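Please read the structure below before turning to the comments.
Labels for the chains are A, B, C, D and E, by order of writing; each one numbers its residues from 1.
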Amino acid sequence: QDVTTVNVIMPLPRSAHFYPLIVGEALGYFEDEGVEVNLLPSSTTIPYVAFVQNQQADLAMLDPSETFAAVSAGADVKVVYEVMQNAPEGIAVSADSPVANVSELKGTTVGLVSDRDRNTLGIALGTADLTIDDVTTVVVGEAGPTLANAFKTQSVSAIAGAVPDWLALQANGMQIKMITPEEVSQTPANSFVISASRIDELREPIQGFLRAWSKAMHVAEIDPDAVAEMSKAAVPEEWENEEFGRQFLDASIPMNVSSTERAGDLQPEIWSAIQPRMVAVGALQAEVDPATFLDNSFIEFANDWDAETVKADVKAWKDANQ
Amino acid sequence: MTALPRKVEAGTATDVADIVIAGGGVGKTFGGGAVVALEDASFNIPKGSFVSLVGPSGCGKSTLLRLIAGLIERSSGSLTVHGREVSGPHADVGMMFQRATLLDWRTAVENVLLPTEIHRKPTAEDRSRAVELLKMVGLKDFVFSFPSQLSGGMQQRVALARLLQTGADILLLDEPFGALDEFTRERLNLELMRIVAEVGATTLFVTHNIGEAIFLADKVMVMTPRPGRLARMVDVPFARPRRPELQQTPEFNALVAEVRDILGTH
Amino acid sequence: MTALPRKVEAGTATDVADIVIAGGGVGKTFGGGAVVALEDASFNIPKGSFVSLVGPSGCGKSTLLRLIAGLIERSSGSLTVHGREVSGPHADVGMMFQRATLLDWRTAVENVLLPTEIHRKPTAEDRSRAVELLKMVGLKDFVFSFPSQLSGGMQQRVALARLLQTGADILLLDEPFGALDEFTRERLNLELMRIVAEVGATTLFVTHNIGEAIFLADKVMVMTPRPGRLARMVDVPFARPRRPELQQTPEFNALVAEVRDILGTH
Amino acid sequence: MSTVQQTGATDQATFRLFSIATTLLLHLSIFAALIAMWEGVIAAGLVNEFLLPRPSRIAAAIGKLYLFDRTIYWHFAITMYEAVAGFAIGAAVGIALAVSSALNDTFRRYVAPYAIVLNVTPGLALTPIVIAWFGFGWGSKIALAAIISFFPIFVNTLAGLTQSDADRLEMFRSLGASRFQIFWKLRIPDALPVALAGLKIGMTTALIGAVVAEFAQATEGVGVLMQRYSFSLDMAAAIATLLSMSLMGLILFSIMELVDDRVVFWRRDARMAVISRKRAAAFARENPGLQTNNKHNAGGRQ
Amino acid sequence: MVVLTSSTREQDHGTRRGAGSFFHAAAFHPIVRHFAIFAVLIGAWEIGARTGTIDPLVLPAPSAIAEAMWRLFVTQRNIWWHLLVTIGEVLAGFTAGSILGIGLAIVVGLNPMVRKLLKPYVIVLEATPRIAIGPLIIAALGFGWSSKITIVMLVCFFAPFINTLSGMLSVNEGAYELFRSLRANKWQIFTKLMLLDAMPVIMAGLRLAMASALSGALVAEFISASEGMGVLLKRYTASLNMASAFGCLLTLTALGFAIYRTMEAVGNRIVFWRHAPQMDAVSRRRQAQWQRNWGA
């Protein structure tokens, strides 16, 4: 059988954070689709879109602000699958912080995980009739320890970022409280994006990839312990401290499991809803019709599988590996 | 023979074709003209002749040698070697510098072999010649010593051996025996004469020892103090081969006195 | 006076208190004993005397000077300066090296001022003395030139001026005039004698010029070729002050011949 | 090398002018050719413009950044400040350590290994610690710049300080010079050429340190600016910012080259004559009574 | 090596002869002293961590790091492969970078015209942070090995370049004239004179390059990689497992230190003429070799 390599560019190396990849590989789902995943974990100053367009990557995982940036810059790309529908961007404070909502941030110093979280903060402050100029911002960096230190020493009153950013903190026992305003927490998802010009060429392998991904995603709902075992085998580094590994996985699962009925389904209303606020804070030049960049033609195929078989596969795997 | 200015005799009348080095009003200034190192030097050096160059310290002897070797560019005048204008370092000229300039990372014999290496892969013959030359200059026991393990005079002798290894037919020697005792110097004078005669090399020899200058040379070129000029070309009439005893003869001493006089009056 | 081995005369009978430099069986080997540079040298040098050191190239003259200056450690024997064992560089000794060792980044006069700077901030007087010394060695026009702008002999003269600037009362000179013409050399010989007499310095002077050695010295120390040993200490009986004419006298020439003989037979 | 062409003064001036003109011309044509090639490659669609925008766009972006928006100056100044301050600290520490090591064997033996350890530890991996210790502001950028720039300076200075010519060393020792004096008057000048090479390397390294730190975490500086532009996919502006970093490096490096040229004058024939003249004048001023004349200071004679 | 020894003649004179037997007593053997200093440092660090003066999230306790390293190397053994990958990148990149740096310096140093024209570009390249152009290189060369090695190469070519160039340009003038008088061509002047004359400085440049090669490999792996120490480090840092992260870091440091020291030792051998004792040995060796090949 012919195996097609799919080059996927993502921010992190294999991790429980994206457990569907690990599970899919462990259960041979990608193989079944005739697909081999070549993961390109990258953190570059060149946007992923560039690699999609020059064909070095077939599939890129973009966070919402990256997606909007790509779209408004006129990059001809299509969102084909929403990977993390439950990884909202937001504002976090330490659990014992007196700050209870965004309006109390006025006049304080707020940390940004990265410079692009400025938008999140701006939008959040907007809901309390504040602007970004009402607070002092400081970028605290994505690196774990720096962020942890900022939380611990409370050198900033709050931190704007996305859920994955504080996952490790929580897994390490740091208590965090979200103060994201209601209307902001509904943000579009981290999603898989491909080049529009290559849709036909890539349709088959990508469809296979997405189906494997969806099936693997479902495994966590059947048997999280099996997922834990698989991820332990694939990434032992995250399981050196069993406690941490568990917490980390437990926090990752709900982010990965789709909240839509069909796995990875696209939600144009959410992509639309956020846009006026983004335009208001200047993060977006003009509103874009989601139809121009959402392509749900892959979703059908991606969900064309049977939950029972997956269940059987997991059982078979457990029998073989325990 | 062209007429030469400043009283410098052009030596015996030789066929122009036999003139190996010819200078016509050669001048050299440094520092944009501030220091005149050499002024208006005109001379002809015939093939196979041995010319000694004497003159006070700082009069431009080393400068003249470096000009002839093509290491520096003259500021004025014309200078030809083998009939070609000198415009850079050229073949057939071997030079021994006032300072020994040995390479620290090469043993004595490897230093001697350097000129050969520059032109080809040294053969067994080249090597044995290098060792021979070192023996000749009295460094039999120091063939494999590094320069920093040698005394000042020994380093000079290695440099001499290196010069002879070049096999060049024009030899320029800048105070080669300055750091040698009389006996070693005398021995090396004889050896140098022998080799030069053998090869038929044209030699320009800078020294401060007037006796040595006369003993070795066919002609002695005398220079004036700064600004350096050629004062006189003195012919040395003694027949060759010369024996050390020559230096005890009255004729020899008369010539020494004459050259000393020329030097003293300038 | 202690008995000295190997036929070396200890010079005239002087009070032991007046002995400035005393060596007893001094020896130096290099390379873990492979090269014997100096063997069993015993000598006494009285205060204020001028001793010349002659010997073939590589016999250990520079080595002896460096031992006395405390720059290298002897392998055997005892060596005292002013009655104290030499165990490192010490004050009161000024040395002029075989190579000029000027500092490239200092002008001539700044090089001359270096010894002063080592001990104190130079005064206007020091400066004018430095300029005077440069004039004395004939470098009036080159006071502010950098070493690379000077000829070989000029560099040596700067080094001499630097030595004299130290004001040390023991002077060690290693072939100081090797690169100088006879006239400059003669002039500087006289100047050196004058200054040494003025200061009352004790001087050890290495040269290859036997005439120069005798003309300048109270005693001439003659060394044998490798392994270097002291062969003889020859007394020079001529009265001071000495005039250049001395060198034309038969007594002088007889002594030159004697020293040459000693050198030749070893 | 000392064998510079010596022709008449006017000839020389013309020659120099001519050679400057030709070099400039050559430079320009090479540069133009490069740009044209680049433009062509993109025009032909060989390279994606999100990767590398065409030069004309970048030029437009440069115009926009420097003339229209003008926000870049602030960031430029910040990064420059971080790099220079880091370099200053790194150089001070590097030179101090090199000097102490050269003066004291024991010190060298016990400190050098730790200096090496610090250096072979990748600076990038140190960023989180440095940020945790020096805060989110300029401090951590300066610290990282200092940490990674100190080592080339240390290594080269030490290499220079210990390579003095043996003969000269003996001369100093015979003068009874103290270690300290040997140091100031011999080793330092002897070390200058190599030490300056180290400072040149350190200068660019400091800039890199500052930018690396800015990439990891910063609120202002060209590193942030570049990230900001590339996140918003304004690649022309991002590359323009990148070029600003290069420009900054070029400026800093050129300053160091100039310093090198001035300091190590005895290796440059032309400078030597000038210095010789200057010293003569200073000497005459300080010692009014002294009559000296010097050939090499009579430069303007002809 | 230049850096860590003083000149030949100075050593000739044992000025430190009387330095007292106290320091030379067996108990104060250098290794013992080094170890003592090291132990004190580690002890202070451990105490700092235990008492909470040092935040373990910033700098974990030595004991925790030791434990983590035990796990990485012995029980879990997951570090070996990553380490191998990184060593491969470092060595390949370092070799390529040194060749590039020295090669460029040769071209530029031997030809003043090329120097004028090329140098600005070299400096621009150096002054541009690799972390910023790394992605461009990846874009050009893909995500594989070649892009990583290229990044390492670009990171470490500059020190050898600058040092070789400055060594070449400050070559002994007398010797240079000698070569010119022998009509040596530029290549000969370079190989037989400049290269050797500049060797101490070049060696210093190579050591600097070695150190930056490690950083370079890490930068490259941070930008994009799925294996290598950078990936491991990133994984541990991201999961706030700082003890293991430091275990990785220390491994890299130890690796760098070992390579650095090896290079220093090699450098000492190469620049033998600066060391009196080595000179004798080399002299004997060359004599033996000569006699073997060409007779007495």
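We take it that a contact is a pair of C-beta atoms (placed from the backbone, for glycine too) under 8 Å apart; a residue touches a chain by one contact, two chains touch by 3 or more.
Here the structure is a predicted model, which is why all the values come from computation and not from measurement.
Enquirer: Give me the chains shared as neighbours by chain A and chain C.
Expert: Touching chain A and chain C alike, sorted by label: D, E.
Enquirer: Out of curiosity, which chains are bumping into both chain A and chain E?
Expert: Neighbours common to chain A and chain E are D.
Enquirer: Which pairing of chains accounts for the highest number of C-beta contacts?
Expert: Comparing chain pairs, contacts are most numerous for D-E.
Enquirer: Please work out the Cα centroid separation of chain B and chain C, and write it as a whole number of Å.
Expert: 29
Enquirer: Using mean CA coordinates as chain centres, what's the chain A-chain D distance in Å?
Expert: Here chain A and chain D have centroids separated by 43 Å.
Enquirer: Chain C to chain D: how many Å between their CA centres?
Expert: So the centroids are 47 Å from each other.
Enquirer: Which chain A residues reach two or more other chains?
Expert: In chain A, 45-46, 50, 54, 143-145, 149 touch at least two other chains.
Enquirer: Give the residues of chain C touching no fewer than two other chains, as numbers and ranges.
Expert: 31, 70-71, 99, 141, 148-149
Enquirer: Among the residues of chain D, which ones contact at least 2 other chains?
Expert: 2, 51, 128-129, 132, 165-166, 170, 215, 226, 295-297 - these are the residues of chain D that touch more than one other chain.
Enquirer: Could you run through all the chain pairs that touch each other?
Expert: Here the touching chain pairs work out to A-D, A-E, B-C, B-D, B-E, C-D, C-E, D-E.
Enquirer: Tell me, which parts of chain B touch chain D in their complex?
Expert: Per the stated touch rule, the residues are 28-35, 71-73, 75, 148.
Enquirer: Considering the complex alone, what residue numbers of chain D touch chain B?
Expert: 2-3, 5-7, 9, 12, 166, 273, 295-299, 301-302
Enquirer: What residues of chain D sit close enough to touch chain C in their complex?
Expert: Result: residues 2, 165, 167-168, 170-178, 181, 185-186, 189, 265-266, 272, 275-277, 279-280, 283, 286-287, 289-290, 292-297 of chain D touch chain C.
Enquirer: Mind listing the chain D positions that touch chain E in their complex?
Expert: Touching chain E: residues 1-2, 23, 26-27, 30, 51-52, 105, 108-110, 112-113, 116-117, 119-125, 128-129, 132-133, 148, 151-152, 155-156, 158-159, 162-166, 169-170, 193-194, 196-197, 200-201, 204, 207-208, 211-212, 215, 223, 226, 242, 245-246, 248-250, 252-253, 267 of chain D.
Enquirer: In the complex, go through chain C and note every residue touching chain D.
Expert: Residue list for chain C touching chain D: 66, 69-71, 89-91, 93-95, 97, 99, 101, 103-105, 107, 109-110, 114-115, 117-119, 124, 127-128, 131, 140-146, 148-149, 166, 172.
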